[in-house]
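Once you've had a glance at the structure underneath, I'll fire off some questions.
All chains are identified by letter, namely A, B, C, D, E and F, in their written order; residue positions are counted from 1 within each chain.
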């Protein structure tokens, strides 16, 4: 039966080891969390995902690191992804998320999920002022 | 047949008119966008929704107005709500969202939706360090 | 290129014609709405779907016809299915849905979508009193 | 690390205590279920959510209490919210939901989720008779 | 309180027993997995669901058994259905899914969930060449 | 107001032009469909997305090109992404998808969306035989 297992460093092939090493170096920690240990079952998927996450979440862009984590967390909550909620709550907290910020984030996530459906149910047409010109 | 219609100011009852007036005063504009004109079909729903949105999106909290709009927009994109994407893209832009910021937002929204499913498919268990103590 | 087209009665095979006839007889109308004309591209899928819908939505069960339509509509709104919202709003109205009922339905659909996410984000554990005994 | 915890009555501030008292009085029970204990981490969110739920689910509207719970439950099942399924199954049962009613509810929720996707995949255009006049 | 329980063979009525017998005969096993034991709480729902699954997943169609399971699994992962991911991972493995196939499947499921949102956020209009002629 | 526009080849920067050229070369066509023209608003996002899609959908893996397109299409239908349904229906057809295959695909997508919710509503526990050993 196919049940994915975590791939430990010692059991990993060269591609996986390189990614693990890069995660450790980039995050300056020896701890690699479970998502990477499981994606390692497909080394190409692991490599591609890590490189994309690393690029997208890298500091120095137009959004600061805390805002990036809040957006990641908001989507994960909306999708009900238990693992991602746990890991990105932790990441956001380490980048400065306070209980006040989390409460406001939750308020908006809840509100958006509510109004998204109100709009659908009442079949609200998009205002001219919001519509793309080429439509 | 039940097809919701926009409720114009002139045709609105007192509860609805008061909300319309408050929207105009709060946003300092004469334009009321369609969501409110349609929710007005149920005055209690209109009132409750507007008051919640007003409170949640009010300036002066722990999150700045642009970040609030970005979170609202991120959830709306993840839920594929065309109306909300259009209206909150506009709101975010008016609060300082540049194409660079939007590009980074989209990158995170896309990435989160991807990794949320990778975690589900590989059945990744939550790391001890992320789990609530009372579980 | 594969673009589904409606299958008109005249162009339909025997399996499809029988379903069309049964839809007309069951609903006592000559009008067949688009979903059936498109599912007819796969006669087995059309037949299975129609027979299931007919059985599930039949009068005489524990739920009255209006309540059944309201549940169907609530799910379709939550899923943002434009076609289903339009067709089941119409069906619900024909079975007695008033604007007041629709407003209350929307209030609950909005609220449920909000609290579903609040629970996810705050990682609320299920109360002992709600949990299955065999867990 | 940010891991939300339940806020007990004794540890709550005045806003939260007032809400807890109102929940007990409204529901005529001393038991407060976990969602409220966790939302209490953000008193404004707790207060707003409780007041909305109280208003929306109050008896005396166009929909009877059981139908309201069934709609809440249907959306929560469609969204796969384990906590909300557990708590609203319990609430619905206390308002008269029998296994027969639950079975019919599940049949419709399953069917709606199926046909919502059939319509999307076959790209079924909305029938003229279902379309808003102002479109 | 309403908490569904598994219906054992001995406690089942005639409709349910017949379905259980057909599951065993069709799958050539004595083991009936939990979904059927729980759907048995509503015999009509159990019968309809089993007959549909049996017909849809039967060998001999245009798609081979492994591809069918992969599609079932892809949707279940996208919907974050833990039970369905577990059971259909097992079924797919028994029909030939290797870790390589699963890795490619996951790559596509992740990618589709990402690009689905990129398209929504950037409000990409459908190319003429992809649009139905009757639109 | 922020409304994304398509970036034509002539108006594109060097990063974007290179991606456009690679799309044309890889797909052996002069036509670039809209998703790429819109993602070009963020050159880094365009490049990363294209390279991932190119790698994931490349021929020569464990899954054949048609099966890959069917999985992509199944997820897009489940997510109700109109653009992606249109473009991947076209791509699948060009790789051999017949109406029969599409009908079976739709049957499974519909069925999976139904049973995913049945399992959630009946709170079906995962069978021991399907559960990960390390849980």
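Quick note on the criterion: contacts are C-beta pairs under 8 Å (C-beta built on N, C-alpha and C of every residue); 3 or more make two chains touch, one makes a residue touch a chain.
None of the values given here were measured: they were computed from a predicted structure.
Engineer: Farthest chain from chain E, going by the mean of C-alpha atoms per chain?
Structural biologist: B
Engineer: Taking CA centroids for every chain, report which one is farthest away from chain A.
Structural biologist: Of all the other chains, the one whose centre lies farthest from chain A is C.
Engineer: When I count C-beta pairs in contact, which pair ends up with more: E-F or A-C?
Structural biologist: E-F
Engineer: Averaging over Cα atoms per chain, report the distance between chain C and chain F in Å.
Structural biologist: 27
Engineer: Nearest whole angstrom, what separates the Cα centre of chain A from the Cα centre of chain F?
Structural biologist: Comparing mean C-alpha positions, chain F is 20 Å from chain A.
Engineer: Which chain D residues sit where two or more other chains touch them?
Structural biologist: Residues 1, 3-4, 41, 44-45, 48-49, 52, 78-82, 86, 89-90, 100, 102-107, 109-111, 113-116, 118, 120, 122-123, 125, 129-132, 134 of chain D touch two or more partner chains.
Engineer: Tell me the shape of the graph of touching chains, choosing from line, ring, star, complete and other.
Structural biologist: complete
Engineer: For chain C, which residues count as touching chain F in their complex?
Structural biologist: Residue positions touching the partner: 1-4, 41-42, 44-45, 48-49, 79-81, 132, 134-135.
Engineer: Within their complex, state which residues of chain C touch chain A.
Structural biologist: 73, 77-78, 80, 82, 85-86, 89, 102, 105-106, 109-111, 113-118, 120-123
Engineer: With touch defined as at the start, can you tell me which chain A residues reach chain B in the complex?
Structural biologist: Its residues touching chain B are 3-4, 31, 33-35, 38-39, 41, 45, 49, 52-53, 56-57, 61-63, 67-68, 70-72, 74-76, 78-79, 81-84, 86-87, 89-90, 98, 100-101, 103-105, 107-109, 111-116, 118-120, 122-127, 129-131.
Engineer: Can you list the chain F residues touching chain C in their complex?
Structural biologist: It comes out as residues 80, 89-90, 92-94, 97, 99-100, 102-104, 106-107, 110, 123, 125.
Engineer: For chain E, which residues are in contact with chain C within the complex?
Structural biologist: Contact set of chain E toward chain C: 1, 3-6, 44, 48, 52, 55, 129-134.
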